[in-house]
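A short write-up of the structure that comes next.
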Amino acid sequence: MATLGLIEYADASPEVRAVYDDIMATRRTDWINNFWKALAHDPATLRRTWESIKQIMGPGALDPLTKEMIYLAVSTSNQCSYCIASHTAAARKAGMTDTMLAELMAVVGMANETNRLSAGYQVEIDEKFKK
Amino acid sequence: MATLGLIEYADASPEVRAVYDDIMATRRTDWINNFWKALAHDPATLRRTWESIKQIMGPGALDPLTKEMIYLAVSTSNQCSYCIASHTAAARKAGMTDTMLAELMAVVGMANETNRLSAGYQVEIDEKFKK
Amino acid sequence: MATLGLIEYADASPEVRAVYDDIMATRRTDWINNFWKALAHDPATLRRTWESIKQIMGPGALDPLTKEMIYLAVSTSNQCSYCIASHTAAARKAGMTDTMLAELMAVVGMANETNRLSAGYQVEIDEKFKK
Amino acid sequence: MATLGLIEYADASPEVRAVYDDIMATRRTDWINNFWKALAHDPATLRRTWESIKQIMGPGALDPLTKEMIYLAVSTSNQCSYCIASHTAAARKAGMTDTMLAELMAVVGMANETNRLSAGYQVEIDEKFKK
Amino acid sequence: MATLGLIEYADASPEVRAVYDDIMATRRTDWINNFWKALAHDPATLRRTWESIKQIMGPGALDPLTKEMIYLAVSTSNQCSYCIASHTAAARKAGMTDTMLAELMAVVGMANETNRLSAGYQVEIDEKFKK
Amino acid sequence: MATLGLIEYADASPEVRAVYDDIMATRRTDWINNFWKALAHDPATLRRTWESIKQIMGPGALDPLTKEMIYLAVSTSNQCSYCIASHTAAARKAGMTDTMLAELMAVVGMANETNRLSAGYQVEIDEKFKK
């Protein structure tokens, strides 16, 4: 159970409902996932977190699918089970196929391996990389 | 200094040179970065690591630029200084602009934040995400 | 299930019971949580871990509530589900309100974000901070 | 060197200067540390990150010193060298003494130890903690 | 549920079956654990991962038991619940006793503690260690 | 520079000297590495940390070399530069050869890779592993 419980739409304050409404409108969906319902106990954090994600994940130099895959890659590397579940769903909705998911996971695994090899062998950064 | 030192091409065994040659040919470059020179003390790991990266990072359902950006995102999340330096260079070579780098970093930062919020609030995974 | 099982008070050796007794007396409680019952298979580690925690978490320049919140912040950052559950309870017992918990989580999330931004942008430490 | 370089006040756009000015006013200081100068290449992230930190670290149910110490604890647990350096300075400015720093570090170390012991022994969460 | 589901032997392609057969033969067992069944959706990653593990975990300068214990130690430090469960089983099969497991966990816990103390106190590396 | 500076033997209190003396006697060496000199500002933590390490790293069901290698493996996985440097030296002193170091690093890298693959594919723990 979430530490402070989950706040459903019906029980939410107008301030929280406004965020929920914006999430649903932005994501073209009619439900709110538990993450937001748990955060809703702290309306300032709910709003700030949502506004930040909305700004960051919107279209830019990187397309939304690439951003969602980066989000999933980081969540996987951090082994965050909630985030892996929710961002796998989000990335699929943005267009990630099963083959893309598998390639993404291979890259994440490999990066974690070589991160430790470079640390463990105490490899100094090449001068060429310092510019 | 790298724990076991760095093996330069001139001092490398034929087995190691064969890997160095393949790295340079595949990457269309004429130099070898320190990571490989440090690994070269263990030719089996040198070969296996290179063959794995070559297989994983090649073209597939994800293009090489996306793969490089995922690699950089994971290395950043893991705060691996060598890998951040080397994969920033690699991603740029594959086409990452400064604007794309900035957007990538924003996503990595945000994912690290919400990973902890979901863990800290002990949010249970939504049933919809379990399928 | 805990790897080695849980040792209940009734089944515990005198050596283990002595630690259990001290935990209950120090914490003014009449039960032992699973962490200690799992560690009890290694009485030396049980004792050393308990003695260390007792020494560290006692009153000092930092009050017990602040210490418990730092413990919870670290456990959250590490995404340790057992520790988040147990230290949320401990911090509440020490006086943490829901509002304090929410503020704590906001700080933990933000720190995790900026930790990666500073690493990802390869920011060098300011001279002023080196003294 | 920071990947994109550092943007000094004299070279900053009005948008970036506005953030720098607010940082200096809020912190009652006359200089900007490298973190912000590196982020300034992405004014949207600069502003969002600063606004978030300003909101989160301001007075609330937790006093600014406690928040700074939690920030330092998380940065230490994540072994982020830049953040440890900058938030040690910030926490000291907020009132952290050397004795408090030492107690903080002891708690961070202990939490990291028991986080792994609970994971390694596969300890199940007590029913009492699930409410 | 695994994201892409689990591929049982009866439903596997010849390519996947060949890997499954080699796993069972190498490990002298008649079943395949879920990790491989989940990876089997990406036969290239299945094969590469298995070939790598087979090469790395085989006898060398380190005996298989020591290698399994190092694998378990890393998985514990990373708090990977699947890997802790599977590598506890593997290490036991290789000869790890309960006492050895307890000593291993004590080392993992201690290393995680001192890793943070050295980072938090910003300890510079001794010249003697740089050679 | 270490946050609180380093306390040399000549400047140490009798309480700190007693720990330094025990470290040198136990390790059959005539110098103290920076980690302890940094911790010495907090004599209680200095003593507790040393007593814990002495107890944990001494001979038991696991020999000192295996324990040192596990310590190095964890420090590498955590990418703690100070600890990698110091425990590489300690493991070598205990008998680790360059070949053993290379095999250790290969295991650490591989474990970090499969830890993320199992998390990313959301692999459920096999029933056989739950006993």
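Read from first to last, the chains carry the letters A, B, C, D, E and F; within each, the first residue is number 1.
Everything that follows uses one rule, which is that a contact is a pair of C-beta atoms (placed from the backbone, for glycine too) under 8 Å apart; a residue touches a chain by one contact, two chains touch by 3 or more.
Small disclaimer: the values here were computed from a predicted structure and weren't measured.
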{"item": "Partner chains that chain E and chain F have in common", "value": "A, B, C, D"}
{"item": "Chains touching both chain D and chain E, listed by label", "value": "A, B, C, F"}
{"item": "Chain copies touching (chain B, chain C) - same or different residues, decided at half shared", "value": "same"}
{"item": "Most distant chain from chain C by Cα centroid", "value": "B"}
{"item": "Identity of the chain that, by mean CA position, is farthest from chain E", "value": "D"}
{"item": "Angle of the C-alpha superposing rotation, chain B to chain D, to the nearest 5 degrees", "value": "120"}
{"item": "Winner on C-beta contact pairs when A-D is weighed against A-E", "value": "A-E"}
{"item": "Whole-Å separation of chain centres (CA-atom averages), chain B against chain E", "value": "21"}
{"item": "Whole-Å gap separating chain C and chain E, where each centre is the average of the chain's CA atoms", "value": "27"}
{"item": "For chain C, residues contacting two or more additional chains", "value": "1, 3-4, 45, 49, 52, 56, 77-81, 85, 88, 99, 103-106, 108-110, 112-115, 117, 119-122, 130"}
{"item": "Residues of chain B that touch chain E when the two form their complex", "value": "1, 44, 48, 52, 55-56, 130-131"}
{"item": "Residue ranges of chain A in contact with chain F within the complex", "value": "72, 76-77, 79, 81, 84-85, 88, 104-105, 108-110, 112-117, 119-122"}
{"item": "Chain C to chain D touching residues, read off their complex", "value": "1-4, 31, 33-35, 38-39, 45, 49, 52-53, 56-57, 60-62, 66-67, 69-71, 73-75, 77-78, 80-83, 85-89, 97, 99-100, 103-104, 106-108, 110-115, 117-126, 128-130"}
{"item": "Touch list for chain B against partner chain D, complex", "value": "79, 88, 98-99, 101-103, 105-106, 109"}
{"item": "Chain E-facing residues of chain C, complex", "value": "3-4, 41-42, 45, 49, 78-80"}
